[in-house]
Structures are given as structure tokens and as C-alpha cells.
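Letters A, B, C, D, E and F name the chains as they come in the text, with residue numbers starting at 1 for each one.
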Amino acid sequence: MVHKVVTIGEMMGRLSPPGNLRFEQANSFQIDYGGGEFNVSASLSNYGIPTDFITAIPNNPLGNAALKVIRSFGIGDEHILRQGDRLGLYFLEHGAAGRNSNVIYDRANSSMSQIQPRTINWEIVFKDATWFHWSGITPALSQSAADVCKEAVEIASKMGLTISTDLNYRSKLWKYGKAPKQVMPDLLKYSHVILADVDTTLFMLGHQKIDPNYLDENEVKKVFQKVKNLLPNLTSIGMTYRHSVNASFQKIGGILYTDEQLYRTTIKDADPVIDRVGTGDAFMAGLLYGLLEHADDPQTAIDFATGACVLKHTIYGDINRVTKEEVFQFIHSDGSAKVSR
Amino acid sequence: MVHKVVTIGEMMGRLSPPGNLRFEQANSFQIDYGGGEFNVSASLSNYGIPTDFITAIPNNPLGNAALKVIRSFGIGDEHILRQGDRLGLYFLEHGAAGRNSNVIYDRANSSMSQIQPRTINWEIVFKDATWFHWSGITPALSQSAADVCKEAVEIASKMGLTISTDLNYRSKLWKYGKAPKQVMPDLLKYSHVILADVDTTLFMLGHQKIDPNYLDENEVKKVFQKVKNLLPNLTSIGMTYRHSVNASFQKIGGILYTDEQLYRTTIKDADPVIDRVGTGDAFMAGLLYGLLEHADDPQTAIDFATGACVLKHTIYGDINRVTKEEVFQFIHSDGSAKVSR
Amino acid sequence: MVHKVVTIGEMMGRLSPPGNLRFEQANSFQIDYGGGEFNVSASLSNYGIPTDFITAIPNNPLGNAALKVIRSFGIGDEHILRQGDRLGLYFLEHGAAGRNSNVIYDRANSSMSQIQPRTINWEIVFKDATWFHWSGITPALSQSAADVCKEAVEIASKMGLTISTDLNYRSKLWKYGKAPKQVMPDLLKYSHVILADVDTTLFMLGHQKIDPNYLDENEVKKVFQKVKNLLPNLTSIGMTYRHSVNASFQKIGGILYTDEQLYRTTIKDADPVIDRVGTGDAFMAGLLYGLLEHADDPQTAIDFATGACVLKHTIYGDINRVTKEEVFQFIHSDGSAKVSR
Amino acid sequence: MVHKVVTIGEMMGRLSPPGNLRFEQANSFQIDYGGGEFNVSASLSNYGIPTDFITAIPNNPLGNAALKVIRSFGIGDEHILRQGDRLGLYFLEHGAAGRNSNVIYDRANSSMSQIQPRTINWEIVFKDATWFHWSGITPALSQSAADVCKEAVEIASKMGLTISTDLNYRSKLWKYGKAPKQVMPDLLKYSHVILADVDTTLFMLGHQKIDPNYLDENEVKKVFQKVKNLLPNLTSIGMTYRHSVNASFQKIGGILYTDEQLYRTTIKDADPVIDRVGTGDAFMAGLLYGLLEHADDPQTAIDFATGACVLKHTIYGDINRVTKEEVFQFIHSDGSAKVSR
Amino acid sequence: MVHKVVTIGEMMGRLSPPGNLRFEQANSFQIDYGGGEFNVSASLSNYGIPTDFITAIPNNPLGNAALKVIRSFGIGDEHILRQGDRLGLYFLEHGAAGRNSNVIYDRANSSMSQIQPRTINWEIVFKDATWFHWSGITPALSQSAADVCKEAVEIASKMGLTISTDLNYRSKLWKYGKAPKQVMPDLLKYSHVILADVDTTLFMLGHQKIDPNYLDENEVKKVFQKVKNLLPNLTSIGMTYRHSVNASFQKIGGILYTDEQLYRTTIKDADPVIDRVGTGDAFMAGLLYGLLEHADDPQTAIDFATGACVLKHTIYGDINRVTKEEVFQFIHSDGSAKVSR
Amino acid sequence: MVHKVVTIGEMMGRLSPPGNLRFEQANSFQIDYGGGEFNVSASLSNYGIPTDFITAIPNNPLGNAALKVIRSFGIGDEHILRQGDRLGLYFLEHGAAGRNSNVIYDRANSSMSQIQPRTINWEIVFKDATWFHWSGITPALSQSAADVCKEAVEIASKMGLTISTDLNYRSKLWKYGKAPKQVMPDLLKYSHVILADVDTTLFMLGHQKIDPNYLDENEVKKVFQKVKNLLPNLTSIGMTYRHSVNASFQKIGGILYTDEQLYRTTIKDADPVIDRVGTGDAFMAGLLYGLLEHADDPQTAIDFATGACVLKHTIYGDINRVTKEEVFQFIHSDGSAKVSR
């Protein structure tokens, strides 16, 4: 079966001092273009899955530059809106060892935050699509962006698409007067797949945190089942298990709960970390790929997601620039990563 | 006599592709910090004139970086406000030959545009100062920024400071619902020195353009006198005479009208142009220096201003990084610019 | 009417020392991707004309990188072949003043030179297309590449497409045992539009050079008519009139002969030259745009072509990264190229 | 209480191949400006402590560049001398793993080494100051520089300032005919706080090394007490405990002996090391900050010093570009250094 | 005794994205020049051993650039051929952690692969030489290159030179229709010293693999003896023992079998790895140096070889830019690599 | 006849901000190695003339880096001394248009200034040589360097070498207590060829300036003859005629007076100037080449010298990286410098 995945999200410019310099030391910033949901589309495209990206970018040269990046992956750009005041930006300082990376958001009043309902013809967007993916960032941008999400999930649901969501809670967003629990339940109820830890999900649904012990398999099963019960259409929950030794050394595992079964991976080291940003999106995209192409083999799905996530730590920028062959080679290897020549 | 000049203005981050690359080609942007009125302070500081800069910058690492640049010139930073949402940005693409440089402003909702009246104690700011300089950019940012200008010129006037203004009309600003003619007359009536061509001044004061022939000395005198008559405190008008052959080749002269006398310079070539931005500010600062230190020699004042402006075309960035000795050496030379060794 | 242009050509990696360094001084080479006919497609895409590009690139990461550039312009890549041994390369050293730029070709045995007839289904490729563009470089690569050109022009002609050709003679190619006059007449006979000076055309058709005086309008008309008589389908001949003052200063005009009328432009200066390579392709693309969108106004067509060519001299890389609005603005301006802000 | 710290030292230009290149591989050197005692002032300024820096730098553009860096931190530059022949330089090659970093000093005949007694009016310099900091580098430069140290400590002592000293023994200095033991005792007798290991102190005072076991708390107390007994004004001794696993991996702890009590920190990892240089100065500055602002809490003082030192390993250049909030966050964290967003 | 070593091999251009970027992310490639056997000559030259390098490079500016690198080491270039079509190239992407480095060879039809027998006068080349070194790469390039090897080893043998060989099996080469076992036995029979693991040697000689346990000293001795018995002139076998933890972390030991004795080193860590390429060549050169200058002390020879190899992991580029003093310092140290200042 | 030229001089490190940045703007400096007389050797080597370079450089990694550059040109390095305290440095800021380039010398106490007589065995150095070249810089460094020049010219003269001298007066040197006229006459009396304008020569010989009009051919002949009469062995005088329009635009001609005949070239434009430094050395080397290889054709000699000088303005760094073919192509061309492809 041929899949086609539609994603919606903000495309941002990312400005970052070279190497490990602090902001005040840089006389140039690296410029890259990306965004959580776009990163998912880019990965899917790398894995050979057709995908369309929905966003709004300004009609100026910075918007053109962002659009060129979108197109370069072969991602469908037909429905992208060229409107609004500005390209959202974020400034990223790369940490090292005991010093954390630091993000300064400068995305207020971006074109995407100004997107309005009834500007996108979702019936046409979803015509050949089988899957719709959105994340908790879009409804956090503005009321109108949340409204656009609403109309998208309603129509996607009606048209029979599978719906996936990365909950992606960012406390620095949600500034327009609503709390997640006022917005997210109405959106999440359509989701079939979510990526989140248990407590983020409970928080977004307006429930108490329960701080589960993820090393206790029975407890994990129980709490995942509890989450599943809160969302009527949910079939699968994915989660990254991450231990941050320091900014340069991360340990990563994956958990997939589906069909009331729990699938786990071994923990892999990412040391040194070249770029921490976008690793969650890499996991999300890996999970989508796994669920699409290995639907009957959840262990392969979660192994692929985790391998993609671990490899992303070695790739500069927001986007996981690896092929599916590279991910499979990695998950089947001992990690020795010998020179290929 | 010891002079001290206070300036007010916005400090921005400037992001620019290296060399002559277009925005979409760059994978890094040069980052510099500057702004029209700050550039004047920086030049004055380079010439040995004490100066204080008034602005508002956000309390984040980008604000810190901007502050470090301000301090590096030995400019007084005591009254700088650390507040507001963001550092104003602008993106600059350097043109060449027949392709123009292009600026994308991204300064809406900057800390400086959010500045409020009654936050700066102007009596203290102006205590040891003899001169106050502002430009037409600040009142173009927002109503509150215009109000801050108003209180500054009123108090400066009351305290007996000389007031200078670069009219600096930018059509892309003035977005908050007022036209220049509704705001500027009340501010400009306090100015003793302005930098502007005749028609910009008339436009800002709500009069008709007259398109004078600047090569006809009698006509120029007459129109400058006309401008002078409109502003009660005005004593001097400075103007750059610029012929843009193309983006890489500019011809520059200067005109000073003071004491009802006209002073002109020869026309000098700037070829090739390293950076066009900030050359007007360099002229303004040179004129201030000339009027402060060579008050009795208007020809030297306008020669210095013009020389500073021409040299600025050879300096990368917003700021005119030259000493007064370099400016004097240039205006006394034949322009041959032999290697000094 | 909606046009769609199909082009065929080689996509190469271009390796170039930074700035004006000589090869031996560089410890890095800029890498760009382009090629004469691709450059035409990229320009057309920038002007809003749909276009498909046909080529063969290797199935390795360098081929992927080249493909990403193709896609980034929104150019159709559906029929691109991923096969063969290597991506063609060329090394470019940028000259200055009296020192010429230098190209070292390293394109032998490239994927494109290995392309074979009957691998591309031209009926499908040309289904929605109205125009086919090829250049004299492709038949110069190898016998099989010349054969592919042959089958393309035959089918394009049969399907009623307009055919254009940039003669692009490169003496360092044509190494496979055939001279241009053995190959080109059979291909050029289908062309409706060619870009070439008179003597290159005569040479490729196996005739004697006549060295016309391009400043004598009557003589020019006569010789163009002579060329036209040699090619049965020809309707239009375009030509750049170029005076190379030195490597950093070029003077450019354009000539279009169509409907037995001669259209000329004024001569424009390109000073300084940022990148000389690809300026002929920029002219070709501008001419196509003009003939497509201003078919009834040959003067606008040739003005546009010439303006596009002059502007290309200010753009780094092979590709003319300008919009049609920028070209029109330039040809309607005095070239003063003031900062847009 | 408001503190003000005066430091004296040399400001140098540091020239360093990019990344891990060896000197012979570089076609550019990073240029940074710093110096042991200046680095202390810069840190203190970052922590909000007013500080004045005393040095001599040449009156040329390189001196100007160094001065701009000094000023950028808001450090008082009023008493800096602009005189002498040259800015001291050092060349730094960054090692990695088993290859050590390498320093080539090129600081002979620098402006600072040519400084003369009776050129600085110490009564004025120390007027508002509460603390004077110097290091063992200045008296190692030249007899006249040692003499300037002498007059400074005598006057500081007379005026009641607290005096601190980083012993900083560098065997490649001390070339002017005197051994440390001939110079240092007369200077150190005024110090209240020193930073040094036991044997360096004994060596500088002309005593035998005793090679203490720093892991034996009783022994450490005893030997520190022995050192204390040799210096009449001494109240506190700080020391970094460093284990160099290799050039890219350092383990760091801190020891403070004060009021006859010993305070230790846990050992923290710096892995990977971005820049090893200036980490001792970061410790010194952290210790001063701790003793100034947490005078009654020696454990916090030494924790802060150690945290500042560990974080400095992640900062490129000589200077510890961290805020006190960042140091406190680090010492109170588990070192996981998660992205802040 | 004065030694002089002659080596033969291909000199290539190496093009590599900066840092850890993937090919498609780079807008520049670092350019370095090197090649397995040249790297050996360069190391020997660094250690003070006179050496001549034999190769063929094209007579164009890229060949000139490669030649300048050869000369810069003081390597004899008198017999280098300037002929053929192109400089061999390879593209190298640096991996990190679990992502491997990737090499794309682009060396077909290089000048060196086109080298012909009877073009080099080996009697003259070997006149003052005592040692000849070649590797398994040259006979893998082409039949004619294998033939040149053949004539070289025959004459070297006749003239009494010691002959060493790095077996260097690369499966991506050997494309000209012969398998190693058809070519190598006739060449290897002259070798006195080889660098290879046991199974590579057996494979090249047409024998079955035996997969020895290198941790079992008796077994190792036995299998090395078996290899020795297959090659009539062999006296010494060197081998690197490498454990690749991941692309950024390698563990390295060395084994030397000579005079029927086995010499081993401790295992050393290379963490982080700056450049993995050329580390085998560094080992080979270190072994040659050891056998030349410490002929009577095999333990020092293998310690030196291993130390040189470990240090090479910290040096960017193909070439091991270390002195013999640095190698000895490293092998006699605890690896703490403290800053030298 | 086979020529071999020996030169003596200082090899320096040159540190230069990228592009047209001022010193204070740079966070890196380009590092290049060169020096007036070395630049002559490098050019001669590029033209195929064997050459040996005599200098003293420190025995440290910076000296090694300089040595690698010397060797890379195939210049004989057998007699280079590795001794002394430091590599001489100079800092170069590139001007543009009306802003001059600026040099800060930092070469005091360099290894070369510390060179001592009787350390170089000139009889061996000159054994196979036919020509000795020195410049006025070496005797300006120190008394001992002047003494070394003296012993060199005496022995060269005795051994029958042709001696050439570039007078190269630099007022910032000559700091050791002697004026040029006290030192130079004794050295210049051996010279057969000098490069200098008339007044520099007269000044160095202790005569009055006469400020000749170089456009009056008779006057020029007369004054050159006057100079010739002052130096007993002189046969040829070369001189560059330079008009500096500004830092980016130079006009260059050449004059050669030999056999009592005057040879002049046309004036050529260098616009834009990439690097002004080393253009005099390029002229000197071109003149030597011309006198060596075209001894019977003085017009070709001076044309070559001037062409080499003009081309040098397009080459970054001190060294004229052009071949003799390129110089001849340039002097025989119209300067149009079309792309070679």
C-alpha cells in the first residue's frame, strides 16, 4: 500500500553560533531552517514516504529560503501559504559537557502563528493522504492556529486518515490565554498514535501527574493503559526513554505500547552529541515509518524509531539526514561504526 | 570646553549573508550590532567625544551581546534599560554593481519600540551633557517611543542642551497610525541642527516638495533659508549630496548651511563600496564632531563630515571604525591611499 | 497559456577556491551544483515557468546533494536517472582584473556522459510540455549522449514542441571522435530558436567563418538571415554582445533577430563581476522567458534576456538567483541600485 | 557592602589554529584577547562585581582591539597605560585526547613588561577599591614589572585593601636574572588570600617541596597550616585539585583552607574540554566572588569557585563567559545539562 | 648508518565537509592532499628519515597543489611524473559516535592508475636508497600500475634494498579483472616486512582465512609463523590491534612478530577521534622508523609505531603531523597530555 | 646556461584580518608566510629558475610552518639556520578605495635580526650559484645582519656572481643607530643590478634628492646615468612607475636602464587590487627572470617584470603565484582575461 503523510507545523529559521561559542562570542550565526513537524516530514521523505507539509511562511526572501529547503526534500509544497509578517526564528547556543544548550525563541507574530481557519481546503489537502500528523506546538502558538488544528483533525478523522500527535509540551509557548487542558483534549480525542511520556499526556488532558517508574514493566503497562483509556481512538503510544549524562552524552531507549503489548529497545549511547535538537522529531518520524512499513512488527518499529533518534544526535541541524538503510544498518550493528571505504 | 553628547535610539542585530551571497545561498549570517543613533555615538567616541547612549534592550544573551558592543566603544551605558520582548533585527543582503542591497526589517515589538515615557530620568541623563541627538527613526517606531522623544527634547531644551536631529525618513516604519507630519513638527521645533535634504524636511513638516537643483548655489541657499524659517531654533542644516553610480560605486559630497552661509565640499568617489549602510550616520557624526570641535570653521566641519562618510563606505558593518586622525589624513590627501609601512 | 519547458543536460559539482585564491592556496573549495541547461531550468523556475529537468546522476550522496539542489527550485525531477559512475566535476578558479578565471574540467565518465538512448520515455516526458531546450554541450559529451539528444529532438518535433538550443561550443569537449559538423546539423535542423553568434553557428554547421561587424546593423541583419536560411525551422536567433574589459569588468548587450527584424539593447556595465560563469545561461533563460511571456514584444524579450544576464554577473554560483520582478526593475532603472529599505 | 576589585596584569593577543589543527596546518589563527589577571576581572564583572584593570598596552590598533575587549565587560579602564612597543602575544595549539595543547609565548618586550614604577598613581587607583588582586606572572615579566607590583601591594596594604594572589608559576618566564624566591616573599607577605598548591608556594618562598597527599585530610590541613604560618597576613588558601585524564577529559575539585578549616568539593568531570586555558583564572575569580559575596559560607565559596572552573572548560577563549546564575545552577544540578527551551 | 626510503603510491585530493556535516549539508569541502604511501613518506620525513616519493600526477594546477604538499615535507620529488588525465579524488564524510565515516572514491582514470612500466628508471631511483616501501593499493589500481610495482620490487631486490609492504586490502579497488591472489604473491615474495593481519595476508596469497584469537599469545605466534613460512624473504610482521568502540572512540594496540619473537604494546585509547583516516599509515611509518632506528630493540619499534598511530587519531587530515620527540613523549607518558606552557 | 640564484632575507609570518575588516573587527587573522627576498625566490622558482634561500628562523612550530612554505616551492633550504628567539611578524590590514592598507611591524628581536657573521659558509652556499640577490631590508634589521650582508657580497663578488639588490627603503626600520648612508654604499658598490627609483638610490648613497620627471625621457636617461656613475659595478637599473589612484586601483609601468639605453613599458591597470603587498618583489623577480633568460632582449625583460608585477596585484598573499606562461600570456594579451574553459 502507498502511504502519504500530511503534516502541519511552523517552519523556523534557526540561528546558532558556530561550534560551542556563546552568543556573545559569535560574529556569525549558522542559519538552518526547520521545525518539529517539518522535521518529521523531512525524515519520512528520506525514508521514501510521500509527504505534504502545511505551513504559512512570509512572502519574502527568508520565506523563499525556507521554501527551498522544504522542496529540496521532495516534500509536497502545493498548499503552503505565503502570507503573514515574519518567519519565526529561534536562537540556539550549543552547550557542551556540563553547560546546557540554550534556546531563545523569537517566534511571536510569525506567519504561522497568524494562520486562520478556513484558509486551507483540507478536503483537497487530504485527498490522496492516508495519515495526518500534528504536534502540540501548533495549538500552543495562537488561538487561530489551534482552530486550524481543530478543523484539520475533524476533517482528517471524517475522511478516515490515521492521526498521530507528538505532544511536545513547551512551557514557553501557550501565551495566548488558554491552558493546554482547555485546548488539547478536543484535539487529541481524534489521535490514533501519540508520542509522549505519561505525565505530559495526563497534564495536557487535565489530570494529575503520577510519575511512573519506567523500569518496572508492569507499572509501565498499567499507566500506558490508563492513558489509552482517556483517548477513545488511541491505538499506540510511543515514548523515548532518555538519560542525559551531560550535554555531550545522552543515553537513549524507546518504548512502544500497542495492542496492549509493551515493546522496548536496548539503551544506546550518543557520545559525543553533535546536535541534540530534533532528536525527538527523529524518533517520531522513525516511529511513523515503523508503523507504516512494519505495521505487523512493533519491535522493528520501535527499534527503527530509537535508532533514528540515536543517529540524529550525530547530525548537525534540526533535520535527521539519514536514509532508512543507514538506520537499519545501525540497529543491526554493534555500533562500532567503522569507516566505509 | 568639554562636550558630552547624549543620543537615543534602537540597537539592532544585523544579520547578513557573507560577501555578496543572496539570502537563500547563505548557510551563515554575519551578526553585527548597530543602529542609526548608536552609530553616531560610536563615531563620536572614536573621535574622543564623551557620549551616553539611551536605549532599551532585552534582558537576554542577545541583549548582553549588544551591550558588550556598546561598552566596547567606551560609551556610557548607565541609563540603558534592560527590558522588553526582543532585540530588533534586520537582515541585510549586500548588492553589487547593478543589484541593490536589500534590507528586511524584523524590528516590530522590539524592546525599544516598547519603551515608555517616564521611565528615563532625563534630568539625570542630561546633567553633565551639552548636546542631545535623536533621529526620525525613534518617533517612527511607536507612539510610546515618540512620546519618549517628546519628553527628551522638552527637557533637553529646558536644560539648555544643543539639539540635533537626523531626519532619517523610512517609509517602512510609521506603522502605528500617525503620519510624520502629525508628530515631527512638535519634536523638530527644538532642534538646532538637522541633517536632511530639503524635501524630506518639508515632507516631515507637512509642506509640499520643491525638488531643488542642488547644483545651483543661489537656489540652494534660498531653499535652505526657507527650511530654516520653518524651525524656530534651527541654526545649521547639513546634507549629503550623493550620486549612486551603482551599488558598488558612490560619489559623495557634503553641504552645510549655517549662519546664512553655504559651505560645500568637492565630490569624492567611494569605489568599491565595502558597506553602504551607516554612511549617513557617519556623516551625521562627522558633522557633530565638526560643529563641536571646529565651531568657528564650518568648512572644516563639512569637510570632516564628508570625509568620514566617504571612509565609512570602506568599513564593514554599521559603525564607522575610523579615528579623527584618519579622517583628517583622508581629507588632506589626494586619495591615493598608499600602504602605510 | 500555460507553458512547460523540458531541458536536458549535465548536472555537475563545481569546486572553487574561496574569493580570488589560486587553487594551490585553498584549504577548502566552495561546492556548488549546476550545469548550463540546468541553470536555464532554474532561472525559468525562478520566473514562474514550470520546468522539468532530464539528466543522469549517480546513486550516491553526491548525486543526492545535486538532486536536492534541483528539487529546491521546484523543478520537476520525475524523470531523472540515478545511475552511472560519477558526478561530473569542474574546478573553477576566480580571476580578477587582468588574471582570467580558469576552469579544469573533470567530467569524463560522468553519469550523464554514460546516458543511453531508449532509457528515457520521451513521449511521457513531453506529455504536458510545450517547449524543449537543449544545448551543444550534451552531444559533445559522448556518442550515446548525442544519440539521446537525437531521439529527444525527433520526438519533441513530432509532438509539436518548440525547440530551442544554446550552441555553447566548448573546444575541450568533443573528444569521442566526431566533429560538431558531423553531429550538430542533424540536431539543429529541428530548432526554432538558437542562441549563438554567427560564426559559432556556421562552424557547427560546417561552413566558413565570416567575422561580421556587429556594429553595422545592415550587415548583422544580412548574416543572421544567412544563418536562418541554413536551418529550416528557425524563427529566432539570440546573441549576447559582450566586451570583456577585464575579468572584473564586462560590458553586455543583447541582439535578437526574429521575424526578419533586429532588436538590440543598450550596452550595460557589470562592474565588479562577482561570478562570470552561468551568465550565458542566464541570457538564454531570459530569452526563453521573454519569448514565452512576451511573444509579441521582441524588444522586451531581448531587454529581459540582457538584464538577466547583466544581473547574473552579481550572483555567486552557476545559477541566476533573481526574480522576474528584479529583472524588470533593473531594466527599467538607471542602474543606481540604491539600498532597498 | 559594595566591593570593588582592582587587578593588574598583562593583556595578550592569543593566536590559535581553528579546531584541533596543528600550527602548520592553519591558514588562519583565531584571535582572542586575554591574560590571567584580566580573566579574573572579566569573570568578576560577569558576576556583577565592579572591577578596574591596570595594564599597559601599546598605542596601536592591536592595543585598541584589546582595549575594546576590556571595555566590553564594563571593566574600569581609566588607569590603563597606552605605551610601549608591542602587545604581548601567545600562540596556542589545541590538543585532543593524548596530544597536549601547546603554548608558544611571544611576549618578550611587551608594553606590560616595560611598565615602570611611579607611573601609576596607586592612591587614586585604590580610592574606592576594597580588594587588590595580582598574580605571580607580573613579577616574572621584568624587574620593573616586579617593582610596580611591589609599590602596588605596599600602598594597597597601607590603604587597607584585601590582597589576593594567584601564584601562577611559569618556568618559561623569570628570565630577567632573578629567581622567584628573591622576589616573591617580599610581595606575598602582604597577601590575605592565595591560590596555589602547597609546593608551588613553598618553592616561591624558597622552601623545600613536601609533596603532600591531598587525599589525606589531616595531612592537607597540616601542610596548609604550614604555608599559612609563612605568610603573616594570610587568611585563606585556595587550590584546584585537578586530574588530567587526557587533553579532552579533566576531573576537577576544589579545596579551601580558611579559619583553620578545610572545605572540599566533590570531583566533577569536564568531558569534552572545549578550552583548557583560563580555567585556573576562572577558579580564582570564582573564589574571589565566593569570598566577597559569601564570606560567611566557605563551602559555597569553594563550590562556586569549582563550578566556575568546571564550566570554563566548556567555553572557548581565555575568558569565563558565564553568569553567576549559571554557576549556581550548575553546582546545584546533577550535571545533566538538558536543553533550556 | 644513513637510511633513505623510497615509496611509491597515489597522491589524491581529499574533499571533506567541515566538521561532522553530511555531504549534502556542506557548501564547502576541506581540501587536503595525501595517500597511503605518501603518508608514510611524510611521517618518515617528520622523523628525520630521508625519503623519495614516486608517483604520477597531472600537469595542471591541482597537480601543482599536490606537488607543493609533497615538497613541503622535504620529500624528494625528483622522479615524480607529471602526466595523465586527472588527480585521483576521494570524498570523505566524517562520522561521529554511532555514525560511520564514509568514503566515496573518485579515482578511476587517475594519472597514477595510468602509470606505465619502463617510464621510471628504478636503478637511478634506488641509487642511494636502502629501503623500498609499497602497498597493496598500487597493484589494485590497474594492470599497468601492478606491472610498475613488479619491476620496482624486482630491481629493489636485486639492488639489495629492504622491502616493506602494507597489504592494505580495499575491496572497492581491484576492478581491472584480476583478483589479489593472481597478482600479490609474485610481488610479496620480495618483501622483508609486511603490515597486515593474518587473514588479509592469507587471502592475498590465496589461502583460507583462519580467524585467529589475537589475545592468545601462543596461537598468535603460531599463525604469524605460518604466514612467515609463506613468504621466503619475510623477517617481520607488524599488525595493529584495533577495537572500534564507535566512530569517535578507538582502542589501539600493536603487535610485532620478528625473529620468531612476539612483541606487544598496551592498549591505548583514542577518544575523541579527530581523524580516523591515515592511522594505519601512521602505524606503518612508525614501524619503519622503529625498525630503521631501533633495529635491535623491537619493543621500542612496536611501541613507537603504536604511539604514532594513536597520536594520528588526534590530527586532522591524512598525514601524521607529529615529530619523533612527540611520539616518544607520548609513549613514555601516562597520557595526561597537560598543556605545555 | 643553467642559472642558480641565492637570496638572503627575513621570512615573516603575516597576520591579516579577513577581507577588508579592520584589526578590531577580526576574530581571526589569515596567516601567510613571506618576506621581500623570499618572495623573489618563490617567483624565480615558479619560473623554473633554481634558487636557494638563506635565512634564520626559530626552531619551533612556527618556524616549521614557515619552512614548509619555503620547501613547497622547491627552493633550496639546505643552509637555513634554525636558531634565535622568534619568527618576525607583521600585521596587515587591507584597505579599500580611499582607505589605505596598514602594516604594523612586530619583527624586533626576530631570529633573522639576530643572525651573526661567520655562521654561514658562503663559499659553500655560492658553489653552484651564478647570481646573488639581497635587499635593503636585511642591513636595516641590525648591525649583525648588515655585517652578514657585507660578508656575503664580498664573497659573492670574489666568486664572480652577479649581484642584484632591491633598495627597498623602509623608514620604520634602521633603528639600530646607523643611517642607510653609513651602511649601504659599502654594500651597493658590488651590485650589478639595482631596483629603485633615483631618489631612493641617491638618499641611500648620501646624496641630495633631485625629484626627476619620469615622463621626460631625456631627463630620465640623464639621471639614471648619474646613478650608474656612483656605483662602479652597476650595469642595469630597474624601476616601477606606479600611480596609486586609490588603494583598490593602481596603474603600473616599468623602466629599465641598461647599456645606456632606456626601455619602458605601457602603463597597465590593476583594478581591483586583491593584494598590494609583494608587488615590488614580483617586479624584482620578473626583472631577474628577464635578465637571466632574455639577457639580449631588455624590452622583454622589462615587459615581463611589469607584467609579473601587475598580475601580482590579483594574487592574495605576499607571493606571486603565477607561472612564466601566465606572465607571457598576459603581456601579449589585451587584458580582457576571458574565462579559460
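Keep in mind that, in the parts below, contacts are C-beta pairs under 8 Å (C-beta built on N, C-alpha and C of every residue); 3 or more make two chains touch, one makes a residue touch a chain.
Since we're looking at a predicted model, the values are computed, not measured.
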item: Chain E reached from chain A - shortest hop count over touching chains; value: 1
item: Farthest chain (mean CA position) relative to chain F; value: A
item: Selected interface, A-C versus C-F, where C-beta contact pairs are more numerous; value: C-F
item: Approximate Å spacing (C-alpha centroids) for the pair chain B, chain F; value: 46
item: For chain B paired with chain D, centre-to-centre distance based on mean C-alpha positions, whole Å; value: 42
item: Residues within chain D bordering two or more other chains; value: 19, 22, 24-25, 27, 68, 102, 272
item: Chain B-touching residues of chain F, taken from the complex the two chains share; value: 19-22, 24-25, 95-103, 105, 170, 172, 244-249, 272, 276-277
item: Residue numbers on chain E that touch chain F, as the complex places them; value: 68-69, 71-74, 77
item: Interfacial residue positions of chain B with respect to chain F in the complex; value: 268-274, 310-311, 313-317, 321-322, 326, 330, 333, 335-341
item: Interfacial residue positions of chain F with respect to chain D in the complex; value: 15, 18, 22-24, 26-32, 60-62, 64-65, 68, 85-86, 89, 91, 93, 102, 104, 106, 108-109
